[in-house]
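One structure is given below, encoded as structure tokens.
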Amino acid sequence: MPAADAMTSHEAARQIARRRRRAWSCSLAIHGLLLCGGFLFLFPLAWMISTSLKPLDQTMRMPPQWIPDPIQWKNYLEAVRYIPFFTYARNTLVIAVLGTLGTILSSAIVAYGFARIEWKGRDKVFLVLLATMMVPFPVTMVPMYAVFRELHWIGTYRPLWVPAWFGASAFNVFLLRQFFMTIPRDLSDAACIDGCSELGIFWRVVAPLSRPALAVIALFHFLYCWNDFLGPLIYLINQDTFTLALGLQFYQSRQGGTPWNLLMAASTLVVTPIIALFFFTQRTFIQGITMSGLKG
Amino acid sequence: MLPAVSRPVFAFGAGCLALLVCGCQVLVPQSQDEYVNGRIRITYWEKWTGFEGEAIKRVVDHFNQIQDRIYVDLITMSQIDQKALIAIAGGDPPDLVGLWSSGLPSFAEKQALMPLAPFMEKAGMSRDDFIKVYIDVNCYRGELYGLPTTPATTALHWNKRMFREAGLDPDRPPRTLAELDEMAAKLTKYDGQGHLVQLGFSPAEPGWWPWGWGFWFGGQLFKDDEIAFDSPENLAAFRWIASYTNRYGAEELRRFQSGFSGNFASPQNAFFSERVAMVMQGVWLANFIHQYAPKLEWAAAPFPSAAPGMENVTIADCDSISIPVGAHHPDEAFEFIRYLCSQEGLEMLCMAQQKFTPLKNVSPAFVENHPNEYIRLFIDLASSPNACHTPDLSIWFEYSDEITAAFDMVLFGLDTPEHAVAQVQQRVSAIWKRAKESIERREKAEGKVAR
Amino acid sequence: MTNRERRNLRNGLLFILPWVAGFAAFIAYPLGASIYFSLCDYSVLKAPIYIGGANYQELATDPIFWESMGNTLFFAMLFLPLSTGLAISLALLLNTGVRGMAAYRTIFFLPSLTPMVASGILWMWMLNGEYGVVNHALNYLLRPFGVEAPTWLQSTTWAKPAIVLMSLWGVGYAVVIYLAALQDVPLQLYEAADLDGARWHSKVRHITLPLLSPAIFFNVVMGLITALQIFALPYVLTNGAGGPGRSTTFYAMYLYNCAFRYLRMGYACAMAWILFLIILGLTLVIHRASRRHVFYAGG
């Protein structure tokens, strides 16, 4: 304080001007870096869209041509005709929606059990759950296939969405548990005093507060189902039941030559709904992560 | 004591339940039916997409038309080896599966495919109807496990215009490997900065058969039930590969090479864009040339060998069709194979895929109307006594992967041919020893059970 | 146990019932089976034959096993610090309250939404030594110095860094988490530091990073688990070959090939359990280290 008093008004004005200039140049530098980063990140996607509009013989031309000439919109029409695109999209949607619903319900219930109730051995069992995330998938593929074969579920969609209803996603349970732990005890204690059962507390108090976190795991699981390739490859047999991720494989041919422009067009179409979904649920999504207590 | 729920939540829950029920019933594929319109339904998994897929579809549709007992359901599968493996192991395989001939031994050794000899006998088909090498490649320990559908052989393809430019006779291909090296040197050009702009030849272009070069030196891969990689012939082959690295520089070759990866089916293909003058390629190349480089002046001839007196060496492989163990309708499945592998069926399929047929008998119209100008060459090469193929070895993939790694190391100048070859021999021998133990162990265990 | 404890136990178990119910079929059996298979000679097509620890013994002398382990560790050690640094830097930049933050956030997150097949192929092109756009740009900068851009995926030295580069593209997911965490740092701390005349870098070092440490811990553990299991990307790029010359043969890819290409599922299961132990071990090490370095604001 004495230092500030000692400053003359002239010096104070200069200091303010300096701060304002620094703020400006700071802001400029930040924008510059972000633009650079944004450009680098968008670059491949832009390239994908650019290629999707090119005629095949131009796709590999060097030096790279950004705006295709002519712009071949019909690539998109051909791409959706090359494979039964909309059928596959519908199939993928069914699996994704069913799986996402299951994941929301079961992960929430299971996470609640791990987060809000104190019971003997809880943390040890939770460690077991965490440990299951660390086993590489190829080795569980064959026994899982055997299980589903016994259940006669091979060739149906069930192996792809039923496990989600059993809290099979350890990651989602983990996330939700972290989140539930940040909800103040007083709220559930108050409900307890009002005579609520545990289930009641869950349904009435905790679940409504968790909407953002639930949105997060819903989005993650939906995304996972949308892009999942290995699961459908192994469990689906009939071609009409295939999903988009599997369908994308069909554009690639060993010796038949890959129609790169069609593949890129199809990929753009596959990515777009997800991007739109993310764009519209962004705020809830970010809110969910913010409140998930990952930071503390 | 269910918690009270508000109306929208209830509606939402009801909606979900409905969707659940739907997901369990309606959208579950129903077509696991045995019979379709009174016909026996057999499933046929094939790997082909695009125009190759169209080709087999035409044959299947025709078969379904000309008879009414059997209905063949053609399903295009990606990752067909893996898919077939899991399905066969799981006990519900398709009735027919189209694998690559190189993958047959490992499946056959594990008794995952049905031997076709009994079926062929009943149907009156004979092995001798087919070109010998394609039967050999589908055999494991003398038993036939698949029939060839679309065969291929490899040959030297060269660019006539570039030959002329370099002062070479465009109609005279190299007759020995030494000649090839000489001509390659004449066909190689550099730019002002010392970078390659044109290459006469490279063993890495296209680099699809890194395990095969030994054949042109008289080498073998597997002899007398032992790994035979470390032989003077194979070593000579690797030395020849290393000679290209030494002559043109590993880094430079790599840089030049990298421009071609992923570019096979495009005008930027090394051969189509006239940046490489000579390549070893297969019978399918003509089709791609017509599509992507119609103005290319090219010709084909047998790839020259280094071993004196060894003529018409080629690599022969094919796509096969097999009946997995556990198929529901093997007899009906073989009916289709019999049609597919008849002269009519094969000519329909192979013409559409622009290859030749694996049959000894070929209709003159097939050869005349074939779009590949050099189809006669490829057919003759298949019958050559020096037509080589992948060995009858259940650990072929491990062997091939080791050779590929060694090839890369030698090509990049990261290893000497001697060391690379010795290492492959040593490693693969160990793998083979272990595999033989495993086979013995299994036979003993099964012997015990059978008793 | 008191009545209350018993009731809690009952309720707790009831709540985790879905997981427990699925546990037997979806977790215990596959995991148990794979442990058993690791002690067997099992080719998937034939019944497993018990051979004790022979698979593990063979792994110890398998040169490809060691090479793939080395490749994977190299990848993880290169990727984790770079992705953490990049993600935190981007989050810090985004947290400065610049305009259009939502748009930037979406842009950085987008790549993690693309299917692997498409992004793999895309990058394969872009990193092509001759005609890829990346080298096109790099050569503009490097040629004047007489240096050539590397041939990335065709080079044994540069293939792994190329894969690191491609994986960094998916860093948006971590950025989002850091950003959310950053927004929770109490402003008073920054203001107090301002009063003491702190510059921005010491603010970052002494306030931001410590408060960010739980998020860093979470992301590093998750990142480690995924990095050590990297499979889909190199598989799509090299079509399962792991080339050139085995430089991109990663652990999970070798495991997969052993199981489905070489038909040695028992061997692959042994590899899987070794990897599991490694991941578990490393996670515990990080957890122990976190006690000293991770600071939970809530106390």
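Order as written gives the chain letters A, B and C; numbering starts at 1 within each chain.
What we mean here is this: contacts are C-beta pairs under 8 Å (C-beta built on N, C-alpha and C of every residue); 3 or more make two chains touch, one makes a residue touch a chain.
Note that the coordinates shown come from a computational prediction; the quantities given were computed from them, not determined experimentally.
Farthest from subunit B in terms of Cα centroid separation is A. Looking at A-B and A-C, the interface holding more C-beta pairs in contact is that of A-C. The distance from the centre of subunit A to the centre of subunit B, each centre being the mean of the chain's C-alpha atoms, comes to 38 Å.
Centre-to-centre spacing of subunit A and subunit C amounts to 15 Å, using the average Cα coordinate of each chain.
Within subunit A, contacts with two or more other chains are made by residues 60, 62, 141-142, 146, 249, 252, 260. The set of subunit C residues that touch two or more partner chains comprises 44, 121, 125, 130-131, 260. For subunit B, the set of residues that touch two or more other chains comprises 82, 86, 89, 268. By the touch criterion stated above, subunit C contacts subunit A in their complex at residues 1, 5, 8-9, 11-19, 21-23, 25-27, 29-31, 33-34, 37, 44, 90, 93-94, 96, 98, 102, 104-111, 113-119, 121-123, 125-126, 130-131, 133, 136, 169, 172, 176-177, 179-181, 183-184, 211-212, 214-215, 218, 225, 229, 231-232, 252, 255-256, 259-260, 265, 268-269, 272-273, 275-276, 279-280, 283, 296-298. Residues 56-57, 59-62, 91, 94, 97-98, 101, 141-142, 145-146, 149, 154-158, 161, 197, 199-200, 203-204, 233-234, 237-241, 246, 249-260 of subunit A are the ones that touch subunit B when the two sit in their complex. If you check the complex, the residues on subunit B that touch subunit A are 1, 3, 16, 19-20, 23-24, 27-29, 31-32, 43, 47-53, 75-76, 78-79, 82-83, 86-87, 89-92, 263-268, 284, 288, 291-292. If you check the complex, the residues on subunit A that touch subunit C are 26-27, 30-31, 33-34, 37-38, 41-45, 47-48, 60, 62-64, 106, 109-110, 112-114, 117-120, 122, 125, 129, 131-144, 146-147, 163, 165-168, 173, 198, 202, 223, 226-227, 229, 245, 248-249, 252, 260, 263-264, 267, 270-271, 274-275, 278-279, 282-283, 285-286, 289-290, 292, 294-296.
Those residues of subunit C that touch subunit B in the shared complex are 41, 43-47, 49, 51, 58, 63, 121, 124-125, 128-131, 148, 151-156, 241-246, 257, 260-263.
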